[in-house]
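Got a structure for you, questions after.
First chain written, first letter: the chains are A, B, C and D, and each begins at residue 1.
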Amino acid sequence: MNGHRVTMLGTGLIGLFYTQTLRGKRSRDRVELVYSRSAERAEAFAEQLGVPRRTTDLEAAVADPDTDIVVIGLPNHLHEEAVELCARHGKNVLCTKPLARNAEEAKRILDIVERAGIFAGYLEDLAYTPKTLKAVQAVRAGQIGQVTWARSRETHPGPHSAWFWDAKQAGGGAIVDLGCHCIEIVRNYMGKENRPVEAMCWLDTLVHPIEAEDNAIALIKFESGAIGQFEVSWTFRGGMDLRDEVAGTEGTIWTNHFLRTGFDLFSSGEGAGYVAEKAETTSGWMFPVGDELAELGYVDMFADMFDAIDEGREPMETFYDGYVVNAVMDACYRSAESRSWEPVQLEGWRGGETGRIAPTRREWDGKTLIKQEQMPDGRLKLILKDDATGEFADVVTGGEAH
Amino acid sequence: MNGHRVTMLGTGLIGLFYTQTLRGKRSRDRVELVYSRSAERAEAFAEQLGVPRRTTDLEAAVADPDTDIVVIGLPNHLHEEAVELCARHGKNVLCTKPLARNAEEAKRILDIVERAGIFAGYLEDLAYTPKTLKAVQAVRAGQIGQVTWARSRETHPGPHSAWFWDAKQAGGGAIVDLGCHCIEIVRNYMGKENRPVEAMCWLDTLVHPIEAEDNAIALIKFESGAIGQFEVSWTFRGGMDLRDEVAGTEGTIWTNHFLRTGFDLFSSGEGAGYVAEKAETTSGWMFPVGDELAELGYVDMFADMFDAIDEGREPMETFYDGYVVNAVMDACYRSAESRSWEPVQLEGWRGGETGRIAPTRREWDGKTLIKQEQMPDGRLKLILKDDATGEFADVVTGGEAH
Amino acid sequence: MNGHRVTMLGTGLIGLFYTQTLRGKRSRDRVELVYSRSAERAEAFAEQLGVPRRTTDLEAAVADPDTDIVVIGLPNHLHEEAVELCARHGKNVLCTKPLARNAEEAKRILDIVERAGIFAGYLEDLAYTPKTLKAVQAVRAGQIGQVTWARSRETHPGPHSAWFWDAKQAGGGAIVDLGCHCIEIVRNYMGKENRPVEAMCWLDTLVHPIEAEDNAIALIKFESGAIGQFEVSWTFRGGMDLRDEVAGTEGTIWTNHFLRTGFDLFSSGEGAGYVAEKAETTSGWMFPVGDELAELGYVDMFADMFDAIDEGREPMETFYDGYVVNAVMDACYRSAESRSWEPVQLEGWRGGETGRIAPTRREWDGKTLIKQEQMPDGRLKLILKDDATGEFADVVTGGEAH
Amino acid sequence: MNGHRVTMLGTGLIGLFYTQTLRGKRSRDRVELVYSRSAERAEAFAEQLGVPRRTTDLEAAVADPDTDIVVIGLPNHLHEEAVELCARHGKNVLCTKPLARNAEEAKRILDIVERAGIFAGYLEDLAYTPKTLKAVQAVRAGQIGQVTWARSRETHPGPHSAWFWDAKQAGGGAIVDLGCHCIEIVRNYMGKENRPVEAMCWLDTLVHPIEAEDNAIALIKFESGAIGQFEVSWTFRGGMDLRDEVAGTEGTIWTNHFLRTGFDLFSSGEGAGYVAEKAETTSGWMFPVGDELAELGYVDMFADMFDAIDEGREPMETFYDGYVVNAVMDACYRSAESRSWEPVQLEGWRGGETGRIAPTRREWDGKTLIKQEQMPDGRLKLILKDDATGEFADVVTGGEAH
């Protein structure tokens, strides 16, 4: 039951969240070494978080003999180089989202780790929130029947570091920053064996004086016929809006990860403090989150990754998943350009085939029962279709539901 | 302060809701006469709702000398004929949604009433819910700044009468039944002067054994650059989901009209009764609505219509609005076919021109201030863009918000 | 179907709400005349609300030959005189809450109207909110079984007129202002035939520099054994908190009338306007109410009162109810003094007798089944009591629920 | 950074939750040995949860040389004996709630551990829920000003093991089972230095065929003048209701730990499974909890306890706190008997003295400003008190807030 020793690459907000999570509660793992391009930031970070050692030498950080896991928390354009170093030095590698700036880069990264045979985990935290894990489990158990639709929404007033806003470094705007989360949440609900076939996307730069999109909406059609939907925005006002919805033939799921989680705080403004990531106000009604790192999925994500290493199995989120996400995002950008549906181009789909959504036919009196509804007077109203004639009819009955 | 006398055409669920609303609380108006194609239904309806007279003769119903307003609550394919009769007999006419099965038919209906010079109101109840009216007022007052996005969602397990399910009579499926509500809600938030320019739509028949679509999602681009979005479904499980969301440069609005309105009821199943329209269960957790007719907008809608007649002004929702809605729906159907964005084709746009969303530039130290965010330690982090070089930079400051 | 003509006594916030409600939507009734002690306020009010006539002569206002209903919207210490004038002039009288400053005064007022044989309605609006009406109906229908507990909470930052704060004019503080609402809501859930037997109350002046209580909590024991509970405060921060909860042997009801009704608005502060009664902020997250007058019960209350007059029946809320409420409040004040439970002293209880809550005994294997609960593994766990020995035992079974 | 080895006493639901929590995610601690009075239960438990060793010998379990912490998860009447054994063998001891069946027993238990000088932690999990921890932190930081009121509510359909229902073994009913949680939550909001002075309590056995109370409500007065309130019930329908509310002079906090946490699931009943502790249904609308062990506070509780042992400090919840809780519960039971307020009898209060709630006086124009409220027309209304005359007056002003 020995813990792992970790090299953390990057000292931004994500490096902070990762390191706080790994320090954890009663954890047996430890962040041993932190790398930053800036000596000053490395030192401040190490001091603030109690990391024993720091460096500004990337290869030395990766190759460090006292650590066995490298966590990449660097800007998007630096992922490939860091993964390459991990492969060279045979290190277990965990990479923050998105895996890459586009599918081509993602495929190269995937090939690097598969050729090297190293363990590679894709740090998609929002697929690991406790609510999402339990909701996906309910879906897998059939509690909502066959999934027909999943919506994932992530919007806030914009990211916290300068490089996100620069399309060259980031590879895009709100889609690359937030859409990657949504796509993977949707895939988890749809079932990862269910192939994302094509995408239709709208994007625009409505508010911020930048080149990249600050708003986007996309539809993703899956092989089963089910439809995924995401909405991302860097111009949302009111905090950070993280909500997912799933509809199935037998049920519905709504999860709300941030602004309405059963914690309401009104303050006139006295003793103002930090409320939560991307909160906009320190007075009036505010909606803090209990344990932010747990609610955002970081705790369960690292537990799965480290357990997977210990158990010699794949983690729930792999670099292949990261590649699929990039491929869907590429289709979104192409669709915004072509103003039409665009196919999701995937080299080597690994998920198999998925049949069309197929609800069971229900029958009443030789006809197809389409729907039943309780009337205000307590009776049941049935909508029937005569399959021979194609005619529809209402029947009101006093009896029980069918 | 004399009231109006009304002829009600139709005895379905909508005729019931309309008549109950007009009977109202302390109302000075009265439904005097009801028409149905079936004598039996006319009689049962008249008795149940205390309507003095009934008939199965459509023209006699419209031409009745004791009534001055005709309310059309008939299936979609019968609207045109009924409107024509109203024009012929010079009656004030109020027509249920959608105005017609397509824009061509809607345009003919619009021309009929305009040529005849009769008062014509479009009964789009959900644009009149008390929450929507107040929310639109807040938007008009500038409380959320310039609108960038509006989402309207209406989903339930499917309509209550057979003819809805028959595309020939209805003109379509869930889009024609529910999308018409969503489009007009979105237009009210966007501002009716803001032209719907083009639409992109996905639709499918996923669950029910019918020809018409039972699920659809659409995006509608407006002249200002803002984006509208609707989601409609006849396969939703859990009751009726009526939610709208609006985002602006200075704020956000969420309204929930049905399943979460501050009224929660758990019952083991004892004394089970009617909960609300399209509720699916009579035990477990249920979410009734206080005053269903008021919450669904019927009360405010008829008040506006009748006041408009008394005051010689246009109502908030006109036949022209109904025509615009049909035109947007036509673009949705074309888009589902072409798999691309399709223009909204409108003969004679009456709304004028709307400028592009234009947020004010904020400046800090000669650079464009893109964003500011409170840090956990209480300091402010600013994202700045140097307009000369296009470079982005972070600045952390101890100072006040800008 | 002729409407009524109303004399409105008082031009404060309550007179404003009443008059706006009576003006209503398509109403056949009308406020004809307004009385104020101040000519200036009478004039401003009449102008603002379109009331045809005004006066500063109380008796002339009551005796006016063109009105048949007098609505008392005056401070508490002026109710008795106004009721006396109504009795003298044989007018239908509707009196705002609380009926009086204490039970003795309330009894005198009750005697006056009963001796005079005039129609007398008690304007307890919160017993008439659409949610409360429907929830009480669900309780009466048995949907939550036998009621065991009801909580009514009304808190806000304090009343809007000076006289409320003066215990001499008001007869008390937060209990007299707000507790009267809560008590009547609780009575409606308990059943009005269910006698309030005794009360236990805590009160204190914690925040405001006044003599009267600004906070109070009370328990009210009913004859059935059920317990009522109210919490009132003039020091609540965050707006107006109006929530009721009811528990029964078969179910639960929660109603929220103000701060969480499915309408959420975030604003940075642009275009700030009126949000709702006693809202504290004009930026940040706010929770407006759709149709405030309807949601607070005014619309349904006046409809019941006027219909009752037309139909020659008693209204849902009578002066006798107002007297019972005052008697309960008196018991609360006595209890706060004696620091013990105090009997509710009622002259002439009209509600009959109510039996003790008596749930049905359920049996399993010859023992009393106390409870069953689903285990995480899907099996049922039963708690059984052997009535002979008094011993308790667990049984885990794979079977169905009992 | 070595972990601890734990002896777990008890294999009921609480032993299960504790052991699952200690197994945790990436934890360095381990449950090494489990004790049950029944060999069969011990074996089943050890197998299910992967505990290496088991025993039915209580003293051997406590004295085991390979474990350094003993966790007591036994019925209430067995706590004292188990604590005594821990003291005898010099083991760190953590005891589940309530500490004892009454204050006298609790005091003996407290004396035992203090005489022995062993580490003793009180396992009050609900004081450690992530929301409660953050909310208490906000209160301590002054964000809601001075606390005036705290309500804690814990209700469900009744406990899961037979001994809870037997007053002899448990020491009481719903108060002893659930009230202990509420009292400690309230104390954390009030500040532990704020002495609970007296209590007033109602209790009754309304539904279940048992001797112990199945419903109770209590008020607890604190030295500062603030009032605590708890509601407990074993007859609640709809699942487990865990809600806390706190009011202060500058703000309000609402936390909801179970039925409304941002996770809504509707299911027609397909694929039914375990939803959450004490959920009543497996179809219809359900409200699961993300990570139940974390949301209920177990994770943070054990982390604090184990860290406290490592750091040689006291945990947040000590045996002294457990004793105070028992003393408050005793006062509640005495009050239910005497029907009056009863003092909380504490030997050796360790919290010091707390001053009376003392809001700052605000002034306007030489008078005391009692309240200000925004009018619908945008102006401010001020309520002023002339301290010389005691008269109250309204002033309406166009100006800014004061």
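The rule is simple: a contact is a pair of C-beta atoms (placed from the backbone, for glycine too) under 8 Å apart; a residue touches a chain by one contact, two chains touch by 3 or more.
Treat the numbers as computed from the prediction; the structure is a model and nothing was measured.
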| item | value |
| --- | --- |
| Pair exhibiting more inter-chain C-beta contacts, B-C or B-D | B-C |
| Self-contact between copies subunit C and subunit D, residue sets same or different by half | same |
| Whole-Å gap separating subunit C and subunit D, where each centre is the average of the chain's CA atoms | 33 |
| Whole-Å gap between the CA centroids of subunit B and subunit C | 35 |
| Computed distance of Cα centres, subunit D from subunit B, in Å | 48 |
| Junction residues of subunit B - those touching two or more other chains | 144-145, 237-238, 250-252, 266-268, 273 |
| Chain contact graph, described as a line, ring, star, complete graph or other shape | complete |
| Touch list for subunit A against partner subunit B, complex | 144-145, 148-149, 151, 155, 157-163, 165-166, 200, 202, 204, 206-210, 215, 217, 219, 221, 225-227, 229, 231, 233, 235-238, 241, 247-252, 273-274, 278-279, 282, 339-341, 357, 359, 361, 368, 370-371, 373-378, 381, 383-385, 387, 391-394 |
| Subunit B-touching residues of subunit C, taken from the complex the two chains share | 1, 3, 24-30, 129-131, 133-135, 138, 141-145, 250-257, 260-273, 288, 290-291, 294-295, 299-300, 302-303, 306-307 |
| Contacting residues of subunit B [partner subunit D, same complex] | 237-239, 266-268, 280-281, 283-287 |
